[in-house]
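Paired with chain B in one complex and with chain C in the other, chain A is shared by the two complexes that follow.
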Partner chain A sequence: MSLDFNLGAFNDYFRNETFRDDFTYANSPAGIRRFPFPFDRDDYMYSVNMEPHVPGRKGSVFEHAFDVDEHYVSEMIDRAKVLASDPLRCQSLPHMTLAGWDLLELIMEAKARDYPQWFTLTKDGNRWHWINRPLGIDHHFTFLDDSTLPYGPFEYITRQTQGDFTLQDERDNDLWMDAGMVTSQADWSLDFDIGMSFMEWHAPVPLAHEKGIFDRALKFLLKLQHGAPVRRFNWTMTVNPLLDTAPETYPVWGPTKTSLTPENLGQKQHLRVELQALFRLPRSNAIAFSIRCYLGRFEELVTIPKWGRRLHRVIRDINPDVAAYKGFLRNRDAMVAWLAGYDDGAPTSPGFWPED
Partner chain B sequence: MSKTAFPPAIKSRPVYGVLEPRPGAVHLVVADGEGAGAVTDMLAKAADRAGMLAAMHIIYTPGPNGTDQTAMLAALGAKQCYRAPTIPTLLPRLTRVLSDAHMGTQFYLAGTEGLIGQAERDIMATGFPHHDIQKEHRGSTVRRVQCVHCKGITENVATDPFVCSHCGLSLFVRDHYSRRIAAFQGVNIDAEDPGQVPPPVVRFT
Partner chain C sequence: MSGGAKLKVRVAEVVNVNDMIKRFRFVSLDGSPMPAFSGGAHTVVEMDDDGVRRLNPYSLMSDPEDRSAYEISVRRDDAGRGGSLFMHRHVTPGLQMEISYPVNLFPLDTRARKHLMIAGGIGITPFLAQIAQLTHFGGRFELHYAARSQALGAYMDRLTAAHPAQVHCYFDDQGQVIDLARVLSMQPIGTHLYVCGPKGMIAWVLSTATSLGWPEKALHHEEFLAPGTGMPFQVDLAATGKTITVGTNQSLLEAMEAAGVDAPYLCRGGACGQCETNVIACDGAILHRDHWLTADEHAAGRKIMPCVSRFEGKSLTIDR
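And now, the complex of A and B:
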């Protein structure tokens, strides 16, 4: 059994596009309207921004626990390429195998329920049958028996699911990042951070420790209940639709930050939004953290007038320490100048939806 | 010379205390360079110094700056006292000793961050609880740094930036620290502007 993709089905819906080399990634008009614009007001600062991860508006990225969108197939191909060149992007400490099975179950059940046209899960006791039509996968395996899958359960399911994932073991009243599939990260290294505690892996973040944000967030997470997931947004900026902005390859993609001109900025500069969700897992008591990355080109985002106005104001007024940490301080002024052309000064309505 | 005073730092950076004598069936001391002084200062505070020494195993190596206080430690009269020429030759012996160590063993780590970090990593890997491990920093502040690009570790880094001893990239030294790797993180300093490497400054001595 292998996990070679056998593509073909549904390619009228799933875009055939790249996140590297010629960067053909783009959002369709419908994709732009459902883009998870992360700003619900005209300014931004770190906060304990968590809400229940319950089904949201139909058609939105909140409709389902694990959003599958038009980029699914191409993202999974990109992930396979990253892993082929650097297998250290997926690691799991030995005691995390059960949590991997927990996550596999959570994702398979959710996808089969929410997208029956694409995914089917049939169970006969522990003998499971999984069909993933967009990737052309049809496997029989035994639940909780590692030897029946081509990869460990965590790697197996996250090679078929958009977004990065980490698994946190809970010990000593703390969370430990003891497994991860990390190929679309905003410049942090799983290989370096694996095994760290909640405060250790968050150590580089400015301002938020002093504001008590991480103390409150950790307390909240330790009480997270199975069946009651939560979600939050994070965001940063990326030049070109490059999913894999890894510290490992920074010398390769770093120079693109100097490639912006007033003429190409709207086309090259992307707002990078992470929709993050946290799930308590039933058998292992671990916490799964999904970090789903959405890329929106500036030109695409300003087709929604409210977002154009608001993005201009947020970036113009951002705390420089936050801009420096997120890695776009050197291009901040150029972004503001470009975005100013889309801000007529009109008031914006509260909330992040396109128009209200 | 006493405990090194570090400026406040981010939360992944290790913190060090002062070694205190504690009751234990076995006292395992791992030290380098000026760390020897932390061991003698700790023994001076012991209520039952002779009893502690009779259950003490000292594993020592000279510091990265050449400080070698083996004679001072050997003169203490511990049950066992061993001098390794370098940290890489010290670690296999530590691993062997750990394979026989029982719960209730007290660990005393003293000296540079490289030595303390690697010894702590190996002790934790055998399952000993961190509250049985004490750490006191003394002596050189040079850093053990892992290149995030090629994963190679450069020992005894004194300047920032420095050149990775494996892949040759110029790296700046972050305070972000991994206990699993026992190293700080080094990141390419001229990634965005290739060739523009600022002159190295001695930050760690």
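And now, the complex of A and C:
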């Protein structure tokens, strides 16, 4: 049994691109328009920004529970490479296997329902048949029987799903990060955080603790119900379209922050947006957290005039503690100077949609 | 979203288990499988009792892997508020009802080396589902189950038949009492204790375990949340000049939306702060149910979170 990809199908839709070395990643014009621009106003501060994860506008990244886009195949190849060089990027404590099956079921059912042209799931009792055409996978397995899959259920399904995932066990009125697949993270480490509680893994975040954001968020999540998922945005900045900005490899990618010049900034600097969703899982009572990363090159984003203006204002006025935590304080002034060329001072409309 | 996600079901079967207990079987209206759940979960059953809306939580007792139906058992409580009487008298096969998605406030700690379960009377129901779950996915357990009499010991036969070595039964009318201190002293390290039954029994089990040095985090007892809805109430909206009535079935936010008032919101669960609204006049009590306002703000009563909070009293005017 293996999970080798047999690529080739749908090459006209899925881009063949890299997130390392020559960095050929880019968004198509349609990809730019559906980019989840995270700012609904001209300024930014941490808040308890959670809302029901219900289907959103057609064609948007909110249309489906798990968005599959033009980068799908290349992202899965990149994940496999990261795991080959560092297997600890995927870990699941022994009591989390059932939660892994819950997540596998949630994702397979959602993808087969929302993207029938790419994914098919047929069930005969617990004998399941899964077809993933873009990756060329066709497997028969027994639901809830680990021995019938080439990996544990959590690793199996997250090797086929864009975005990082963590699974939180709920105990003692708290959430514990007891499993994770983390290869496209904004500079945090699963190997360091695994087994931690909600407040422990959030300890490094500035300002939000004092504002009571984490107290409220935790209380809200402890009441999260099966069938009623929620979502929120987070964002940061990344030089080059590098998905895997891990603390473990900081010596490799950290220094690229010093490579920006006024000439290359629009091309190298990326806004990194995380669309995060939280799902209560049925059998395990655990909570799945998906962290889907979207990378948008500055040059791409400013093709939407409203976003160019707004990004300039948000970055110009950002709290320096937030910029320092997110790791772009040293380049903030250079970004603002570059973005100023796309801000004519005109007012922006509320909300994040490009056209409104 | 005031009551969370709901399931539309039909009553497929009602069984007299004994003089006090009836079992109800719910199947989905459209024939789709019921969501899987975790052992220890309950569902909130909505009843329309002659115009009075009742919301009662009942533990799911069926096998969590059986997606064809949910089963609950209801003990008739002649002195209670009426939910169990309604279930016993008026809920018959064919009736359509709404129940909440399963919510688990009494989950197994899956890291436990062993699960020690203590049940009193109808408190057996969550353990039935937990034992089914442990049977599927592995896990050691031991059950001590006390009932008033043999006749009232619901599901004892099936439990002792399936798990003769793990299940121990006790009958009050025969003077049998669980030798708790002894049972507790014989458990391997890493055992978690679960108790569900009458209040007095829960208190006895927890205090005995605590006095024997059991760690607090290894002790679990069933506890139901108060349902999130309540009585209807009227609100004057100062900014839009409207007067609205909030039904039992909706939140203040939902009632404003239904009246065409464009009120801000995000989480609809009392956490994000978006819907915060100033109270202009209040003759009565605001029932604060949010995590957003501070305790001082709750006490001051000058703000309300319409997505979750309610009102009881003469009149309330808010700034919307």
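Here, the second predicted complex is superposed on the first by the 356 of 356 C-alpha atoms of A that agree within 3 Å, B and C clash if a C-alpha of one lies under 4 Å from a C-alpha of the other, contacts with A are read in each partner's own complex, and residues count from 1 in each chain.
Operating definition for what follows: contacts are C-beta pairs under 8 Å (C-beta built on N, C-alpha and C of every residue); 3 or more make two chains touch, one makes a residue touch a chain.
From a predicted model like this one, the values you see are computed outputs, not experimental measurements.
By the touch criterion stated above, A:Asp191 is placed in contact with chain B alone, chain C being left untouched. In the superposition on chain A, A:Leu7 makes contact with neither chain B nor chain C.
Of the two partner chains, chain B is the only one that A:Met199 touches; chain C does not reach it. By the touch criterion defined above, A:Lys223 reaches chain C but does not reach chain B.
Contact with chain B, but none with chain C, is seen for A:Lys257 once the two complexes are overlaid on the shared chain. Of the two partner chains placed by superposition, only chain C is touched by A:Asp215; chain B is not.
Contacts of A:Ala26 after superposition on the shared chain: neither chain B nor chain C is touched.
Put simply, chain A uses no single residue to touch chain B in one complex and chain C in the other.
Those residues of chain C whose C-beta lies close enough to touch chain A in the complex are 1, 4-5, 35-38, 40-41, 64-65, 100-104, 107, 109-111, 133, 136-137, 217, 266-273, 291-292.
Every residue of chain B that touches chain A in the complex is listed here, in rising order: 10-13, 146, 148-149, 151, 169, 174-181, 185, 187-188, 191-194.
Against chain C, the residues of chain A that register as touching in their complex are 47-52, 95-96, 98, 102, 105, 144, 169-172, 215-217, 219-220, 223, 225-228, 230, 282-285. Chain A makes touch with chain B in their complex at residues 88, 189, 191-196, 199-204, 209, 247-251, 254-255, 257-258, 330.
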